[in-house]
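Every chain is named by a letter (A, B, C and D) in the order it is written, and numbering of its residues begins at 1.
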Amino acid sequence: MYAELKREAYEANVALPRHGLINLTFGNASAIDRAKGVFAIKPSGVDYAALTADEMVVVDLDGKTVEGKLRPSSDTPTHRRLFLAFPGVGGVVHTHSTHATAFAQAGKPIPIFGTTHADYFNGPVPVTRKMTAKEIAGAYEWLTGEVIVERFNALDPADFPAVLVNRHAPFTWGPDVAKAVEVSVALECVAQMALSSLQLAPGLAEIEPELLKKHFKRKHGPGAYYGQG
Amino acid sequence: MYAELKREAYEANVALPRHGLINLTFGNASAIDRAKGVFAIKPSGVDYAALTADEMVVVDLDGKTVEGKLRPSSDTPTHRRLFLAFPGVGGVVHTHSTHATAFAQAGKPIPIFGTTHADYFNGPVPVTRKMTAKEIAGAYEWLTGEVIVERFNALDPADFPAVLVNRHAPFTWGPDVAKAVEVSVALECVAQMALSSLQLAPGLAEIEPELLKKHFKRKHGPGAYYGQG
Amino acid sequence: MYAELKREAYEANVALPRHGLINLTFGNASAIDRAKGVFAIKPSGVDYAALTADEMVVVDLDGKTVEGKLRPSSDTPTHRRLFLAFPGVGGVVHTHSTHATAFAQAGKPIPIFGTTHADYFNGPVPVTRKMTAKEIAGAYEWLTGEVIVERFNALDPADFPAVLVNRHAPFTWGPDVAKAVEVSVALECVAQMALSSLQLAPGLAEIEPELLKKHFKRKHGPGAYYGQG
Amino acid sequence: MYAELKREAYEANVALPRHGLINLTFGNASAIDRAKGVFAIKPSGVDYAALTADEMVVVDLDGKTVEGKLRPSSDTPTHRRLFLAFPGVGGVVHTHSTHATAFAQAGKPIPIFGTTHADYFNGPVPVTRKMTAKEIAGAYEWLTGEVIVERFNALDPADFPAVLVNRHAPFTWGPDVAKAVEVSVALECVAQMALSSLQLAPGLAEIEPELLKKHFKRKHGPGAYYGQG
């Protein structure tokens, strides 16, 4: 019944190891059908090499499985929280990609040092606060979504389509899940470059605001002129 | 006679270079049949590309070869020591994977900075003491197993399915050898992330105990809810 | 009409991801036909995997598209500025390759520490000054070319077939676009080696002038004796 | 006439990019037939992808080409110098592999921090002195061999089957050229591990002499017991 949505989520999931963003089963991607109020997500702990589109699990926005025989990803409540909070988002991706995760573990935002970063993010990639012992002991995965939403209190998720969950790893999103995968690729790339730039120049200042604006606006919003428009 | 066991050990061995964990012949995997008291292990110094399942060497727990024409891995006594000491272990893997080995060479445990690590290990990955000149001059490979066992005096090998042998490289294990391979992949991954996190934040504190517990228990023990259970 | 030129530009573009120099659509290559006064360049934002030779866009030196249905790369004015300023150049390549971009972001030239570097560049790889707010707000891509040309005021582009645009990423060039691709590969390689050498020896002095001259001249100019000449 | 020797050299040359040790045409391998006093080496500047066994150039120990239409590698005199100085050597390999070259550029030996290193080298990997302006202006490639030989004044090339040429890159060797390729793989691997270990523990002490001896002797000399011997 949700064949197209499952196909879309499946394609995004299998793209992750192909881009070198995922080892073993460390990650997941989901795609939402806003009209039907459901999203398709990877089943928990299934090897990417063995995964089929048909195995994707379809979940509604109350968290109930509406199609699929397998248990959905343990991170499903985090995806659900983001879909509820960010109405413009069509797909969510979670990876433990090496360099982005190194920043998350260190609890540091990824500083914005160049145009590669500015093509995707309208400033440093934000990091959440640490979760409290109470949050961790509670509805942990749902509350992981909560601390992300809290961090975006004053931020537009279209300006910053990624976040680092403190001590954990990145989540990315986009108008569709294919775009969220693209952001995950770009995120890992800018994280690695930022670490290397810091090694070359400790204390390096961030990009000048006018250059940030120029590059972000080249690709986003009404004046964008990158691509085939 | 041990076709199934040899097949299992063979599959684990050839997975190691495929995961980028092994260069040349730097490593080996073994699988045990507890009922028969024997384990199958890679023959010494044979190129992975040329390896066949039939060439696996079957050794009993006294160290006697019971099937196979080739000499078993020179590290066989270390595997044997671990199988004898850790009754819950069904497979052992030894690699010289780059970043885990960098920690082993430095004689430093891998600090636990995030949830990727906590999904696999219930704390920092332990490192053994250095071996003495007498141990090195003696039954070296058996005693390599001994210093590992000594290090696990107060540790549960199910909580810490990996060790760094000081100046040498990692060993990992699991309920079966496929799981031990998975732990080797995760270990290299968390070692690389930990090094990068330290470069971003020298002196970084380790993960909060409640988050460690949460993630480790998500995947291990009676309350585990990750995967298809 | 420009089938051969488009083929040449196409081959160079698809070589970039194959050499690991490009993620997503971060880069472009162009080839010029000096007699006809036109160059072929990648269309903007098109995925490398889907790209065809026929989709290359042919642009004249006034910036007018003379063949092709798609919009040319947003970086086309930078390529055009370089073709106009550097008459010996037959091809231009732009990438965001990881380590070269790390130097560009840090605003640092790539120091010349060894013969790998000296085989391709007659000194450190230069970096431009930062662009002004006015330049960024103006004809940005054309002025990106301008600051490169300004940097080469006293440098021969044949001696230094690459530049780092400050806060941005590298451009390379050569007598033909295949050579410009080769320089991009070498550039990323020497950038990575330079970073590692600096990590081993902070403050490392650059290569001795006589060794630089020897290696550069082995491959360039009338006395060159490398290759099949 | 030298079909077998050319085949052997060819196989070694094409193994280098396959092992990720060579970009573009940065390297070469040669194999000697001691009885006939000739060695086969890669032609200069030829792309590895296009290389054929028949194109290998056969050179005698006076440096005269005895078979082959192409010009031999520009590094041929270095190989020849090593074959003349080290009678036990059957093959020589030269690469610019990333991490080994980073040490060479920094003029630093690769410190011996673990057993991976000790399995191949009986101590730190030596680095030559810098070449003088006069040597560089003279018979440069032959004198590159000379400074290597000078460095091995008090070292056995069987104990240290690799050297870093200061400011340049590594050469390795072995009883045959396939073994020299294997040493090149191991060298890059230990160089990367050593850099990472130094990042974890600046000032790290080298391996204890008894452990070095144990591992080197496990693989080399009359008491070796590694492999199928």
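The definition used in the following text is that a contact is a pair of C-beta atoms (placed from the backbone, for glycine too) under 8 Å apart; a residue touches a chain by one contact, two chains touch by 3 or more.
The structure displayed is predicted, hence computed values, not measured ones.
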Same-site or different-site touching of chain A by its copy chain C, using the half cut: different
Turning angle required so that chain A lies on chain B, C-alpha fit (0 to 180°, nearest 5): 90
Separation of chain A from chain C, taking each centre as the mean of its C-alpha atoms, in whole Å: 32
CA centroid of chain B to CA centroid of chain C, Å: 45
Where chain A touches two or more other chains at once, by residue number: 199
Interchain pairs in contact, sorted by label: A-B, A-C, B-D, C-D
Complex contact set, residues of chain C against chain A: 23-24, 26, 43-46, 70-71, 74, 96, 98-99, 101-108, 130-131, 133, 136-137, 140, 167-169, 195, 198-199
Residue ranges of chain B touching chain A (in the complex, touch as defined): 113-116, 119, 182, 185-186, 189, 192-194, 196-197, 199-201, 204, 207-208, 210-211, 214, 218, 225-229
